[in-house]
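Presented below are the structures under discussion, each in the form of structure tokens.
What follows is subunit A paired twice: with subunit B in the first complex and subunit C in the second.
Moving on, here comes the complex of A and B:
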């Protein structure tokens, strides 16, 4: 038996391992090396240049510009998305709410659509002539014809709104799942002690939802370092690089200007940012876990 | 009597905020507003896809005077949505089946067999989830190119499978661990060999886990954008999201907006129908999948 078990272990593990090492681990490892080279893709072997790419990055204002936009998203998207999602989740778990099922189904729907399809849809909405957003604002008396994605001052925010719009339903479902697993006896006890709804939310619901909130924060933070699909679809980083993020800038450097070494160095810094950010978020939000 | 007061208390407790009319109005309005914000853009998209270009440009709000069904046939043929759709199917269906099969096999081994290196291999698979895919783009492009698989369906399928393995194996390993080991022993005593135990006993039992991962990976592959963007540059092999993005950028020169509206509608409607039918499974598939990560 002991020897024979390898007759199943090897054939069952080998295909996955080979695929995974070839297409996932090997490229990641090679990326670390490519980031230390200068390479235009014409020669088989990249030229080793040490940390030159990273030095170049420090002086590259387009890099800082893109990074700045990621940081902007990072500061705004998680907090806004979580606030709206929590608010809606809270409303939907307060006893019987009319159309509650309908709302849960509706809110979640954007999550299953591709970000590209939603990006195209919102490009229509934001369009200065065919779009409806300016029309809606017109109802409130603002007769501006704003080209939402054509104006460097508002384009970044316009993309952020789409991302919040599509993510809220997902996090709401997460929070509802968390809220529904809190034993009702806790609420009854609080009620007997004379707590009002506001106190119940902050003193019971939130602390018990803390783990879900942390997960949501990490997801949203990682999402804010990506933003590729939506940005590439809606603006390709424009106008005037006003919506460029690290991922679109990396893509441009690699596949439009063939600076493969430099692009990969941007990828390496992106990786370290994600890593530090995840650890940081989990550390800062660490509290004694509440068992129930 | 005590029983009755207890239930009544629980009930009045669950509705205290809603008791006051003003609060009830705020709740109803908030919920309705967000629903409108989600639904209206899609409704607008669908009815606009039946309008002429003139109507789209000069009266963005109104309903179509006469439904222009030929927008859809134009989108399907001339704008190539049909082709992109077929390409997506060619890549996603084998990619998904292969992912589930390979992951189930590996997860089963990692969950049920003791051998030196088991833990190491498990964590090796997990490590793939640490990295952002953007880090791999350049080496991956050259690797696929060197293998002669740029612009090929096989290349994209293998890459999709490879990047889906870590999470799927992680999830299914947890799943296989929960299955009782007596089943395995009983089947062996009944004379089944290890392969039969896996395919006849374990795999059917793992069905709920496979469905969850099936939904999760289907959406991930169907909506994948950056990998095909890098690995499929031949326009006749574009997959849907890629084709859609291309169409949008092309529209600024070609100005066939009505066909583009129809194209997005064509992509949205099947998703919507499938979602409404399977919504509870899908919501679970995505959120459970995400929470374990």
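Moving on, here comes the complex of A and C:
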């Protein structure tokens, strides 16, 4: 009986399995292999060099520079995004804000636009001479025309702001959904127990939203290790590599310097970093799951 | 400990009036039950007292203090919710201690009170568990425990037993009654279950569509319902009703339903001085319809033929559903027969009304026509 069951199951599984193997598992395996070779991308046979690429990486200060920026994003973006999203979600679920539906849609809006379009849009906002940001600052008497994306000291932060602005709406909606699924009797019980708004948020809402929060944390952490699209469209890693991230550096090595072997090695190390990071985040934030 | 006063309280949700001009006083240490069908405004009345709903009109007082604008936490109340609302991320101990912690009660005091309450409810060994590791009955007790530790002036309970199975409910009912005696505090309890209301309340407030129907002791509600609604709501199976006219015949009061005519004994007829010549609703409880063979001694009966439709064996009694044999398509009567009777389905039998316990209501206003409250049969 069991054997016969498999006769039926296998034909159904086969198509997706074949697609998965061809387009996911095989490229992964192939990338692992290429990361161990020296390859300019055009020759048919990559030259096997063992761990040489990884060794080179350890001594490559541009790699460390890019990794440093990723770590910076990693430390700042998730926490800031989640804080703002939680705050907005809490405000908009209290039933005290007028037009809350309008705000929900507005805050979510950046999420439906392409990152490239946003990158271009914000490049104009940040433009030193015709940008609206400097224009607004000018109204308040600021004379200096700040080159938001041209100044190595502020460019990284400027990009971070765009990413937060773009992501907040999505996580806000996620938190709103989470908050609205918490039965109101918990809040009522807490009010009778004597909790004020602040205590209700920290003692009731947050613990019950924990699963949503850790999901958000992992998504945002993974996002912070990427940052390719927005960086590439806004600064291409410049000025002077001050906004370079691993993904843009990888791209540069592969497609501008034709060092596909080395670039793939960066990609592979990025893969392991994300993997370890995700597992670590999920483990550290694990709590007993709650039912209500 | 405190009294509670609803002073002409009205609650409207938009165009819908949930509670209309509720005007009652609950004495200190009383166990008052709000009862009524769903949507009658009983929960809303409780929630206004808890401070979870705004009061549209009127005032609510706890003790001598008007609490309309007092926050729930400052009303000195504790509430048990139908869903229990136990915080799922906290242990039983933390659930019970939460309110005390927020009030900055000293740690030792919290511990003492929680353990004391837990011991009295038999949940001391559950203090380290989370709500989801508890059975329904245990959760219910924890919810009660969380209210007890606060030592409030008024206990509010919103259908706290409706999520329990029948057997547990009977147990929990007795436990809550015992708790009320022990704590000697004002309890206000909401239920849709008239059995719960009857067994627990020192007084019962029957609501229908937001309007107070009657506020009285359980026995009085049962014996002297003010109107058709209360008469039909209290008691299970419900009271039997028939439209009828009342007339005087040879000096006797006769109730004529069209299907049968019965004579009201003079001793009972004097309770209805205004009934003669009126369109009425004639009401008789199932236990006042007997098998003539087993009629209790000393009551005035009137016999009527009826056809046995369905018999439910209850062991201690038989519930007999009777169709009127004279005419088709009438509302059947329910009778509680002595278990020794052997009614056969389909047979036409004679049934005896205990005419000393009949009820008469005005057919238009549905208000009781009864004057005075002495029982005829005592």
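The rule is simple: the second predicted complex is superposed on the first by the 270 of 292 C-alpha atoms of A that agree within 3 Å, B and C clash if a C-alpha of one lies under 4 Å from a C-alpha of the other, contacts with A are read in each partner's own complex, and residues count from 1 in each chain.
Keep in mind that, in the parts below, contacts are C-beta pairs under 8 Å (C-beta built on N, C-alpha and C of every residue); 3 or more make two chains touch, one makes a residue touch a chain.
These figures come from a predicted structure and were not determined experimentally.
Engineer: Taking the superposition on A as described, I'd like to know which of subunit B and subunit C A:191 touches: first, second, both or neither.
Structural biologist: After superposing on A, A:191 lies in contact with both subunit B and subunit C.
Engineer: Could you tell me if A:228 is touching subunit B, subunit C, both of them or neither one (first, second, both, neither)?
Structural biologist: A:228: touches subunit B, not subunit C.
Engineer: When the two structures are overlaid on chain A, which partner does A:183 contact: first (subunit B), second (subunit C), both, or neither?
Structural biologist: Second partner only.
Engineer: In the overlay, answer first, second, both or neither for which of subunit B and subunit C A:62 touches.
Structural biologist: Neither subunit B nor subunit C is touched by A:62.
Engineer: Quick one: subunit B or subunit C, who's touching more of subunit A?
Structural biologist: Here the partner covering more residues of subunit A is B.
Engineer: Just checking: does A:204 make contact with subunit B only, subunit C only, both, or neither of them? Give me first, second, both or neither.
Structural biologist: After superposition on chain A, A:204 lies in contact with subunit C alone.
Engineer: Just to be sure I read the superposition right, which of the two partners does A:108 touch: subunit B = first, subunit C = second, or both, or neither?
Structural biologist: The first partner, subunit B, only.
Engineer: Name the contact category of A:54: first (subunit B only), second (subunit C only), both, or neither.
Structural biologist: The answer is neither, since A:54 touches no partner chain.
Engineer: Using the touch definition from the top, say if A:174 reaches subunit B (first), subunit C (second), both or neither.
Structural biologist: After superposing on A, A:174 lies in contact with subunit B but is clear of subunit C.
Engineer: Which subunit A residues come up in both lists, the one for subunit B and the one for subunit C?
Structural biologist: Common to the two interfaces on subunit A: residues 188, 191.
Engineer: In the complex of these two chains, what residues of subunit A are touching subunit B?
Structural biologist: The contact residues of subunit A facing subunit B are 4-9, 12-13, 15-17, 19-20, 22-28, 30-31, 34, 41, 84, 87-88, 91-92, 94-99, 102-117, 119-125, 129-132, 135, 165, 168-170, 173-174, 177, 184, 187-188, 191, 197, 215, 219, 222, 225-226, 228-229, 232-233, 236, 246-247, 250-251, 254-255, 260, 263-264, 267-268, 270-271, 274-275.
Engineer: Taking the complex as given, what residues does subunit C use to touch subunit A?
Structural biologist: Interface residues on subunit C, with respect to subunit A: 50-52, 71-73, 77-79, 81, 83, 85, 87-89, 98-99, 102-103, 130, 132, 146, 150.
Engineer: State the interface residues of subunit A toward subunit C in the complex, per the touch definition above.
Structural biologist: Residue list for subunit A touching subunit C: 183, 185-186, 188-195, 199, 203-204, 207-208, 210, 288, 290-292.
Engineer: Note which residues of subunit B are touching subunit A in the complex, please.
Structural biologist: 9-11, 13-18, 27-28, 30-31, 34-35, 37-39, 41-42, 44-45, 48, 56-57, 60-61, 102-103, 105-106, 108-110, 113, 115, 121, 124-125, 127-128, 130-132, 134-143, 158-159, 161-163, 165-166, 169, 194-195, 198, 219, 222-223, 225-226, 229-230, 240-242, 244-245, 247-249, 257, 260-261, 264, 267-268, 271-272, 275-276, 279, 282-283, 286-287, 290-291
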